[in-house]
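Below are two complexes that have chain A in common, paired first with chain B and then with chain C.
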Partner chain A sequence: MEILKSIFYILVFPGALFTMVAGLWLAGVDRKVIAKMQKRIGPPILQPTYDFFKLMGKETIVPRVANRLVFLGAPVIGFISLAIIMLFIPIFGFTAFSGSADLIVILYLITISGVALIVGGSSSGSPYAGIGISREMVTMMSYELPFVIILLTVAKKVGGADLVFSMDAIGAWQRANGSLLFQWSMIPAALAMLLVIPAEVGVQPFDVAEAETEICEGPLIEYSGAALGVFKLNTAMKMIIMTGLFTSLFLGGFTTGIVALDVLIFVAICTVLTLLCMTTIHAVTARLKIEHLFRFYWTFVAGLAMASLILVWCGL
Partner chain B sequence: MMQHFPVLAVMLLFLSAFIVEIFGAKSKAVAQGIAMIAATVSAGLIYALIKPVMIDGQIISYWMGNWAPVEEYAIGIGYEVDALSLFFALLVVTTFWLSGLYSIGYMNKDHHLGHYYTLYLMLSGSVLGLVMTGDIFNLFVMVEIMTFASVALTAFRNFSEGALEGAFKYLVIGSMGSSFTLTGIALLYAECHTLNMAQIASILAGGLSPTAIAAFGLIIAGFGVKSYMVPFHTPAADAYTVAPTSISMIFSGMVNKAGVYGMIRMIYIVFRAMDKGTVQQMLAIFGAVTMFLGVTMALAQHEFKRLLAFHSISQIGYVITAVSLGSALGLTGGLFHAMNHTLFKGLLFLTAGAVLKQVGTTNLDKLGGLSKRMPHTTICFLVGAGAISGLPPFNGFASKWIIYQAIYTKAVESGKFVYVLCTICALVVSVMTLASFIKVTQAVFFGQLRKEHENVTEAPFSMRLPMYIMALLCTASGVFYDFVNKYLLHPAANAALNISKYIDAMMGPGYAANARVSDMSVEPVAFSYWNPIIWLVLFGVLFIGAALVILGGRNERGQILSSSDPSQAKYDTFFSGEKEMYSQVGGSDLFWGFKSNWKGYYKFMEAIHSGIVNDYASMAVVGTAVICLCMFLFMR
Partner chain C sequence: MFKKLINNSAAKSPWIYHVNSGSCNGCDIELVACLTPRYDAERFGFKLAGTPRHADIVVVSGPITSQSKDRLIRTLAQVPEPKCVVSIGSCPQSGNVFKGSYSVEAPLEKFCHVDVAVAGCTPKPEAIMEGLYKAALLLKEKREAMSK
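Let's turn to the complex of A and B:
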């Protein structure tokens, strides 16, 4: 029974299937709204879904120089790590799996999906991928610092000493004291988190790693067919995971008591967040250079997060 | 019977060192045979102690020549194996056994193998003796043997560039470390009139006198040198790079663990200073600086083995920070990370050695595309890189995950902001570690294969076997961390925090109670971040998914699309018309987006790491002075 339940959690809800569907939905909404902002009609909302299934049916070419196992295994590893993350993110009252210190687990599982992209791209032997992975890695280093500080801030705010980094404790605190976003000392951290999300997902202006117009999608350049489809899916899944993480960290604490309704509200909040921090920023900005991106995150965003941490540390 | 095992294991190694020199000088096979037999038997003896010490909780004590204490004063040399000693002894025997196995394939082109194995056995015996002895002067003797065997082995390939230079730096800094330790021990002897660690611990339990504090500072600095803590890290980079790789693995797997062991033994048992805030903060800061400096230096390296050397420094920083916290959680995490570092860094050094042996260079700018030629080495490397970067499900994740919790718990409990900075540092260093391994992956194993490396072949099986074993251990200890915790970490941490048993086993029952030694009772650290069922399901999913994607690479007739046919242009990599040789991104040019923002820092680092041994020696002196000063100013 335990095993069946685990299988259901991993494969259907809130694991693979739910993340896929919700992620593709967010990606569709994102594209549609961006088109509207640019006075285009835009594709139907299901377009990313169609794209995914189309790619699944295409021929997958493995370049001659690539290590087959690594080249084809990388997207799958990324997919699995992302599907697992959703198990750790509570959807208001509902958590599929809670361990101690699961915030750190989430942090590293997100890293795995980035590493999968990097290693896969790297194994293709393309110089474009070489530039792409270098940028992807620097992007990762950039947002990691503010991200870490945000997590520490949240952990300190809710934390008793025995329960650091626990999503459960964060949920429980918010149920008792209201959402963290409404604590004024947490507002800089929330802003920083909103800026971390687009870099994590890789949308303009932080898409230096996959810059289509200059390095032909970087790490993805040699990918085709099913493997490319899985990578595209991973990007979509990251959207729901990052916005979902924001929701759990800063907007948790209320529940309707019905899981299905909670999930709907959760996805609705994630959609709003997507529009706020990805679509809008994407529509109004141009791509940064990688060194600017690094500086931006280590000074401005990290500074915002640090301000919050110091405020929280002073007991505010 | 059981109490003879530790001393037999050590003596066997030392005796075989001489036997190898006498009989093995002429024939490689004899030298290898003797060394491997000695290493295997010695490892077997230590493994046989797992059940009585780790599971039944016995402490094995042994007086050399049966010189038992007279009138409650220890006069003979005592061996004492508690769970902490055995934990490190297990790391040591595992490392030197695998290194010996690897040497068979790796060293077969070298001359004077008799000397090599003599030094190898001396080094193994000394570190094994170091972690099991109960006598502080014997500890120093072992440190000396270890240092000089290491120096000689660093210079073993003295025909290669930099070998003598590396050995010289090691000699100078290493001897300084030994002298600090010796001075500390002399002061301690003057203070306590005994050299037995158990007895010293019970004498010092009443409070630390100024002499004892000076001794403490000097001994910590001495072991800091042995574990390459910043600012004593300087000889590590050269030594690891120029030593034969089987020895680099021993350096990172057990020689710097000996330093860590010494620190833990001194802080937790001899001086009982782990609950003193000053010592904690000082060492936490030293640890954080060590991890940060190590990793940023690693990011700038152009040489595979040198990069790994700086990572060794960086990872030891994690261990020192975790151990310095003085909590059961921190100690558990630190010990776990020490063990994991032995495993994954050993593995990484072995892959570097395989590359060096098969290709002839470890310069990152001259390598590339080896994954097709050395697929097994590549997979082993990726496992090691994943483990050191702390990616789940490998062991590096489990230990770092405990360490983060331990540091941050400490921060919340003590309310000191410096621990928050340490946590941030630890987390960010982890991603930088990842970055520098991505760089190695791209520069060595992926990317384009160079023309001159067309004929490179996979490493021989005798070199791959230790890699497989280590890769397996890296994964297994990450997945079954509960098991590791229950049978290795908890007993070891418990032994470090409860010392009355340690004293009683050596000095007779009731001795500790008379000296009023305080114990800390510890619960097993309970931690869970996954339950095994979920992960079994996960691996099933992983398997199916991988199978699906791999099947996706077939054409309609079900054949795997062949990519070896050069006429099929679609399998080429896209170069947009550029010549392949002109279009590559050199491995060490990656991350300029990062480095250009850190120009000033790197300039400063370059100035510090001048390569002049005088500078390094003065850094070591300043470091020692700082440690001693901190202790004097704030501990009393």
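Let's turn to the complex of A and C:
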């Protein structure tokens, strides 16, 4: 029975299927709202789903110079790591798996999905992919520093004297003491987290690694068919994972008690966060250069996160 | 179940790759005009792809100069099946005013099968949209033929 339950968790509800559906929904809303902001009619909400199924039906070409196993395996590894992350993110009261070091597991699994893109791109043997993966690595280094500081701040705030990395404990603390977003010392960290989300997902001002007009989609240049479809799906899944992580870290302060209702509220909050920190920024900005992105994250965003950490360390 | 979904999706998300084979830039501007808020081709799912590997529809403009001929053939070979080739303007069809030049290899039909040809110098964005939409419907037919 326990095994069946675990399989259900991994394959259907907080795992693969739920993440796919919710991610494609967020990606569809994102494209529709951008179109509305630019006074266009825009594609239907289901457009990312159509894109995904179309790519499943296309021919998958593996370049002659590419390493076949790594080239086709990288998107699958990215997909698996992203499907597992969702198990560790509590949906208000509901948690699938919880241990004592969830935040560290989440941090590493998110990195794996980024590394999968780098490995897949580098195995394709295209020089454009080479430029793309070097930029992807710099992007990862840029947002990883503020991201770690934010997680450390949350762990310190919840744990007090010793750090608490368990998502379950963070949720329980918030239900007892109110959401972390409403603690004034945590507001800079929340702002920094909102700026980390678009870089992690790779949307407009921070999509230097996949600049399609400049380096022909970087690491994805040689990908076609099903492998490309899985990479596009991974991007959509990252949207629900990052916004979901924000929701449970900073807004996990209440629960209705009914799981279905909780999930609806969770997805609604994720949609609002997507519109706030991805769609709006995408619609009003142009692409940054890689050195500007690096400077922005290591000064402004890391500074915000650091301010919060110092405040929390001083006991506020 | 998935087979039908995949076949239907083929018509709903055609990604375009644009090859300029010595065009005067007139047709290229009109193609980009299709993607602007006024015409908004994205409502049918059209999207400009950055590389031929991602493309479903290859849009060719220009009279195929001798320099660009080999590149054009190589680009077309990189596009995964099912694919469509759409020629825009009179140049790829006949050579237009460049016909007879030593450096122009005019009709595109000599090098590949052209699914939809939009004539005009330059064609209006409405005409280009209609041509691209017909190509999208053709993609579905090709996908159905492939899956049998």
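As a convention for this text, the second predicted complex is superposed on the first by the 312 of 316 C-alpha atoms of A that agree within 3 Å, B and C clash if a C-alpha of one lies under 4 Å from a C-alpha of the other, contacts with A are read in each partner's own complex, and residues count from 1 in each chain.
Please note the rule applied: contacts are C-beta pairs under 8 Å (C-beta built on N, C-alpha and C of every residue); 3 or more make two chains touch, one makes a residue touch a chain.
The shown structure was predicted, so the numbers you read here are calculated from the model rather than taken from an experiment.
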Partner chain in contact with A:223 - chain B first, chain C second, else both or neither: second
Partner chain in contact with A:115 - chain B first, chain C second, else both or neither: first
Touch count on chain A, higher of chain B and chain C: B
Partner chain in contact with A:60 - chain B first, chain C second, else both or neither: both
Which of chain B and chain C A:141 touches, first, second, both or neither: first
Contacts of A:213 with chain B and chain C, given as first, second, both or neither: second
Partner chain(s) touched by A:70 [first = chain B, second = chain C, both, neither]: first
Common ground on chain A, meaning residues reached by chain C in one complex and by chain B in the other: 56, 59-61, 216, 221-222, 225
Residue numbers on chain C that touch chain A, as the complex places them: 2, 5-7, 9-10, 12-13, 37, 40, 42-45, 48-51, 53-54, 56, 78, 80-82, 143, 146-147
Interface residues, chain A side, partner chain C - complex: 31, 35, 38-43, 47, 49-54, 56-61, 212-213, 216-217, 220-225, 228
Touch list for chain A against partner chain B, complex: 2-3, 6-7, 9-11, 16, 56, 59-65, 67-70, 72-73, 75-77, 79-80, 83-84, 87, 97, 99-102, 104-105, 107-109, 111-112, 115, 118-119, 122-128, 130-131, 133-135, 137-138, 140-141, 144-145, 148-149, 152, 155-156, 159-162, 164-165, 216, 221-222, 225-227, 230, 289-291, 293-295, 298, 309, 313
Residues of chain B defined as touching chain A within the complex: 369, 371-372, 375, 378-379, 382, 386, 389-392, 397, 401, 404-405, 408-409, 411-413, 417, 420, 423-424, 427-428, 431-432, 434-435, 438-439, 441-442, 445-449, 526-531, 533-534, 537-538, 541-542, 545-546, 548-550, 552-553, 555, 561, 563-564, 566, 570-575, 578, 583-585, 590-594, 596-597
